[in-house]
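Working notes for the structure below.
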Amino acid sequence: MDKLTLLWQTTGLSAITVGQTAMIIVGGILLFLAIAKKFEPLLLLPIGFGAILANIPLAGFTEAGGVLYYVYKVGIDTGMFPLIIFMGVGALTDFGPLLANPKMMLLGGAAQFGIFATLFGAIALNFVPGIEFSMADAAAISIIGGADGPTAIFLASRLAPDLLGAIAVAAYSYMALVPIIQPPIMRLLTSESERQIKMKQLRPVGRREKIFFPLAVILLTLLLLPSATPLVGMFCLGNLMRESGVVERLTKTTQNDLINIVTIFLGLAVGSKLQAEQFLSFQTLGILILGAIAFAIGTASGILMAKLMGKFSKEPINPLIGAAGVSAVPMAARVVNKVGLDSNQSNFLLMHAMGPNVAGVLGSAVAAGILLALV
Amino acid sequence: MSELFINAAEIMAVGMTSVIAFLLLLIFCMSMMAKYLPKGATHEPTPRSARKQSKAGNQPSDDTVAAISAAVHAYRTQRKK
Amino acid sequence: MDKLTLLWQTTGLSAITVGQTAMIIVGGILLFLAIAKKFEPLLLLPIGFGAILANIPLAGFTEAGGVLYYVYKVGIDTGMFPLIIFMGVGALTDFGPLLANPKMMLLGGAAQFGIFATLFGAIALNFVPGIEFSMADAAAISIIGGADGPTAIFLASRLAPDLLGAIAVAAYSYMALVPIIQPPIMRLLTSESERQIKMKQLRPVGRREKIFFPLAVILLTLLLLPSATPLVGMFCLGNLMRESGVVERLTKTTQNDLINIVTIFLGLAVGSKLQAEQFLSFQTLGILILGAIAFAIGTASGILMAKLMGKFSKEPINPLIGAAGVSAVPMAARVVNKVGLDSNQSNFLLMHAMGPNVAGVLGSAVAAGILLALV
Amino acid sequence: MSELFINAAEIMAVGMTSVIAFLLLLIFCMSMMAKYLPKGATHEPTPRSARKQSKAGNQPSDDTVAAISAAVHAYRTQRKK
Amino acid sequence: MDKLTLLWQTTGLSAITVGQTAMIIVGGILLFLAIAKKFEPLLLLPIGFGAILANIPLAGFTEAGGVLYYVYKVGIDTGMFPLIIFMGVGALTDFGPLLANPKMMLLGGAAQFGIFATLFGAIALNFVPGIEFSMADAAAISIIGGADGPTAIFLASRLAPDLLGAIAVAAYSYMALVPIIQPPIMRLLTSESERQIKMKQLRPVGRREKIFFPLAVILLTLLLLPSATPLVGMFCLGNLMRESGVVERLTKTTQNDLINIVTIFLGLAVGSKLQAEQFLSFQTLGILILGAIAFAIGTASGILMAKLMGKFSKEPINPLIGAAGVSAVPMAARVVNKVGLDSNQSNFLLMHAMGPNVAGVLGSAVAAGILLALV
Amino acid sequence: MSELFINAAEIMAVGMTSVIAFLLLLIFCMSMMAKYLPKGATHEPTPRSARKQSKAGNQPSDDTVAAISAAVHAYRTQRKK
């Protein structure tokens, strides 16, 4: 009888808490979103599974010596995993559409207003009793508006590791929800005739421009905003490898196996932060709400900037492409294309939206650097 | 508390200005590059790997083409006999 | 003259011990088995080479600062390498044949009797003077009967790191010897007519079942046997990535480059444990003997369980497939098929044996978890 | 010593029972899944990679097929002239 | 105003030193050499970019917690990165041409005279006031004459980590300059008729010889020169994987993704050592000069040895192939072929030069081991 | 200082001698191997991967060949009708 009690005490059933049960269900929901709804499955599948593992009673995945503990220590505490992913994203990004029309960069800048407005909003929320965000917390939350996973994880790991799980989940979820969140805002802020505007075809871009672009970006960043150089630097390295054309085997590995390996473990490490004590709180609700607001404001400010630019530009600018400035590459650009096609069956905005789209990636990395410097 | 609030407003203003200023500088650089960089061919890098991954059915790989020509040649030679 | 003496003292010839010489020969034998005999070459080649490196005098491969020291610390001490391999095995495993006939799971369970019987046997051996196995040693040794490399290495690294080298070598060697060890036992325990039994063709299995299976396994494990969740969890993650179909690029990397990279270093790290003081002992002999016994008992209990199930089943069950319950995927299933064909040229048992075969992998991971909980 | 012996016997009994009990539960789950999960198509996942690795000679890759048809077509056209 | 001052102080412009500016320009030059001149781009591109990152003010890439700090600690301090690369090189090397004509090994040995002569020269330079090389420094510098990147990085990381950046850059630069450095020396030391000598075709080499070769090398090394076993051992492991033919999936990963991943991070880590305080010194100039001398002496002694061997050999030996003994695989062999063709349009020396060429790799690894043992 | 100098000369002499001696021994081993190792076929290992990477156009991969023969066979059959 005594032995049976001992045996019972080794089971998870005997030790599982309500919080752990809830978090395992959260993990299951993430897996459902990843598999059945195809929400950013490359990240949400490992994150969801990591959340389940992290909440297994008695198994110690996240305690010293546990698998997820090591993965988090090695990959996130050091910042290596998001930076390696960012290098991979750089190696996968073609800046051609942006170089063909540099002004589009402004749209990728304007959309970052979502970040800074949300920072302000998060601090304002402190007037609500029960919520208490420090400036670092607010900054980490607001970066969700940047619509860029590795940037959000990197910044959260520096400023608010306790919120990292919720922030990463919110960021990837909203990125997956771009086709649902953005179109109503786009329709609200543009008229039918604006949405029908056709844009001039993009000029072809020379190889030299593409090689010098990442170099120009890293030089400007190091001169003006050194705190953004980890993110921007790794991104530019990836892009330079790609465009230089002389290290194809490195580029290929960076775009494929290296980014894949890191993605699996990054997801698991993020999932390890989905623990009951931290996630099942009022704060998470605040993060989810603020994240959605950040996203919406970013989309809106991108569109409004595009309208403003259209007023002063000789070439016509379809304001829809401003929405792609949030990044969420290439989903946001595809949504722009689709909404554009709804108004005009022969207007293909995809390539025009790619400019602001990749500018948005740079824009939020720069914004993250500013937050690191100022907070 | 209200100090935090003012601080946040400040970060919002300074941050957004910095982002835009930075990107304006970058736009300036890009325009300079477009103007003054000697134009090479607008050669696409398209690494081999990327090309292979693309499912472009009409771009069979080099050794497939070689194999085909060999096969067709062999077949043709054989038929002649 | 003095200088020449100094020079001589820097040579390996001057410093090599008899033990090191013997272990380098052992390494050579492992290489011979891997290359000439094709005994599990993916593991035994790096293990054999690692054994040679680990026993080089004056080179310090396994001392602090040496290559093998780091590889062992990072990969085995943490448990990461065997767990990553297990994730890869999960990504390579198709549970279809098992899902088509869930009862086969019992065969994969029965074959684990080899493990527990050997645990008992190892402790019994303590009555022999000169042998002294602790319960942890006995548990680590008995897992050889699980016929699963990463499980054996993981358990040994937790319970008896000093025996890890011998245990891993025994496990992989016996797995390679499956075609020699199993057939006599199979013939002994079955009659010609039993071996000729044809089994009903397996039903096709839906995609949903395949996706839910790893989830069901991890849920049951976390509720009942949390100590098994590191192994089972990583295995299920790999399998879920595979079956979900939404993260193909991650699955592909897991099945190929990730598992390959880890295999090389896992092998080297295991080889680093093949040092004279530990390996050239009475214990190693005990491990080799007990391992063989564990294997034989596992095979036999699988077959006997299959005979028992055949008695109570409406569908005919060929008792040979019980032998595949030890795991050693897919070698054991192939041996079943071959022995079956010897008795009946038109009886293809391969797919029927794959069910117990993959069940055996789960079964020994579960058994490892139980040992971790109880020892 | 003989305590260790009894302990081992105990682990053998408890361990084996647990393994079997656990797997029986799993069998139960699997039967439930087979019964109650809505049947989708018995679609095989076969990731591309796996397909490529299999040496199934009768399953040439897509672009090989495309290349072949192109070649055979070209050859046929040429012969007509 | 106060705020603006604070903001200004977060910029790189406010903090950058002359030294950092100079080193960023050095990084740019390395990128130019890599991309525009295709100088060993696989290494020089990441090294150049790493040099830029390492010299960004306020960003802390090389301080505790920075990306490059971690990469250096994990990959170079431990010696793992150059050793893994060396394993990859082993997996890519075909010793067939050397096995077909074992005497060529002597050319790969003679060319190492460049290393030892330079060691002597470096110490002699100490008579010049202002220069002060320790024996360890001199040894690390002289290995540039080995014309082998990973060997140079490994030895420098053991003996003179402060000089590692300059040594690696010099080694890879001179390897890229082989087509410019070697031909004049080759023409100077050989007569037109010597350059026209045709060599006998190489016999085919059996698979067994190829498998036993790496084993023979590691055995001899462990008996005579254990300090060379880290480099030689990893090299032989790679080569054994390749030639055994039983672990193709491991070989393929070693030759591709593993070596690619490590190359990127090795380059970054080497670049992180290109810091102003260390690089912008008289020593660097000394390293560059001594490196060139080492290279030239190595080339010359290879050629002279080939002439000597030609005198005593029954088969004719074209002395040009001696130049390939410095390693720099396969560049040096190609240069030999080209210079040979210049004298005789129908004389293809490529395969004959591959023998000394791969012998040179072994030769410099052995020389590195000797330096580790004696210094 | 001059001690360092002598030391360097010593290392130069000992080191170079050791390298050559080591390689001579290796040459001896290789000659023994060439003489006494049972000659197998001079079979090239050429792993699949390597073969794929080499651009040797005249060595189409196995399944390309299979595809070709299938295509040519199919075509031939079709023409006969």
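We just call them A, B, C, D, E and F in the order they show up, numbering each chain from 1.
Operating definition for what follows: a contact is a pair of C-beta atoms (placed from the backbone, for glycine too) under 8 Å apart; a residue touches a chain by one contact, two chains touch by 3 or more.
No experiment lies behind these values; they were computed from the predicted model shown.
In terms of the distance between Cα centroids, subunit A is separated most widely from F. Ranked by distance of CA centroids from subunit E, the top chain is D.
Separating the CA-averaged centres of subunit C and subunit D is a span of 20 Å. Mean C-alpha positions place subunit B and subunit C at a centre distance of 45 Å. Subunit D and subunit F have CA centres that are 36 Å apart. Counting partners per residue, subunit A has 224-225, 252, 256-257, 374 as the residues that reach two or more other chains. For subunit F, the set of residues that touch two or more other chains comprises 14, 64, 68, 71-72.
Subunit C makes touch with subunit D in their complex at residues 98-99, 102-103, 105-106, 108-110, 112-113, 115-117, 119-120, 122-124, 126, 135, 138-139, 204-210, 212-213, 216-217, 220-221, 224-225, 242-243, 245, 248, 251-252, 255-256, 359, 362-363, 366-367, 370-371, 374-375. Those residues of subunit F that touch subunit E in the complex are listed here as 1, 4-5, 7-9, 11-12, 14-16, 18-20, 22-27, 29-31, 33-34, 37-45, 47-50.
In the complex of the two chains, the subunit A residues touching subunit E come out as 78-80, 83, 211, 215, 218-219, 222-227, 229-230, 233-234, 236-237, 240-241, 244, 246-247, 249-250, 252-254, 257-258, 373-374. Those residues of subunit C lying in contact with subunit E across their complex are 10-13, 15-16, 24, 28, 31, 34-35, 38, 41-42, 45-46, 49, 52-53, 56-59, 61, 65-67, 70, 256-257, 260-261, 263-264, 268.
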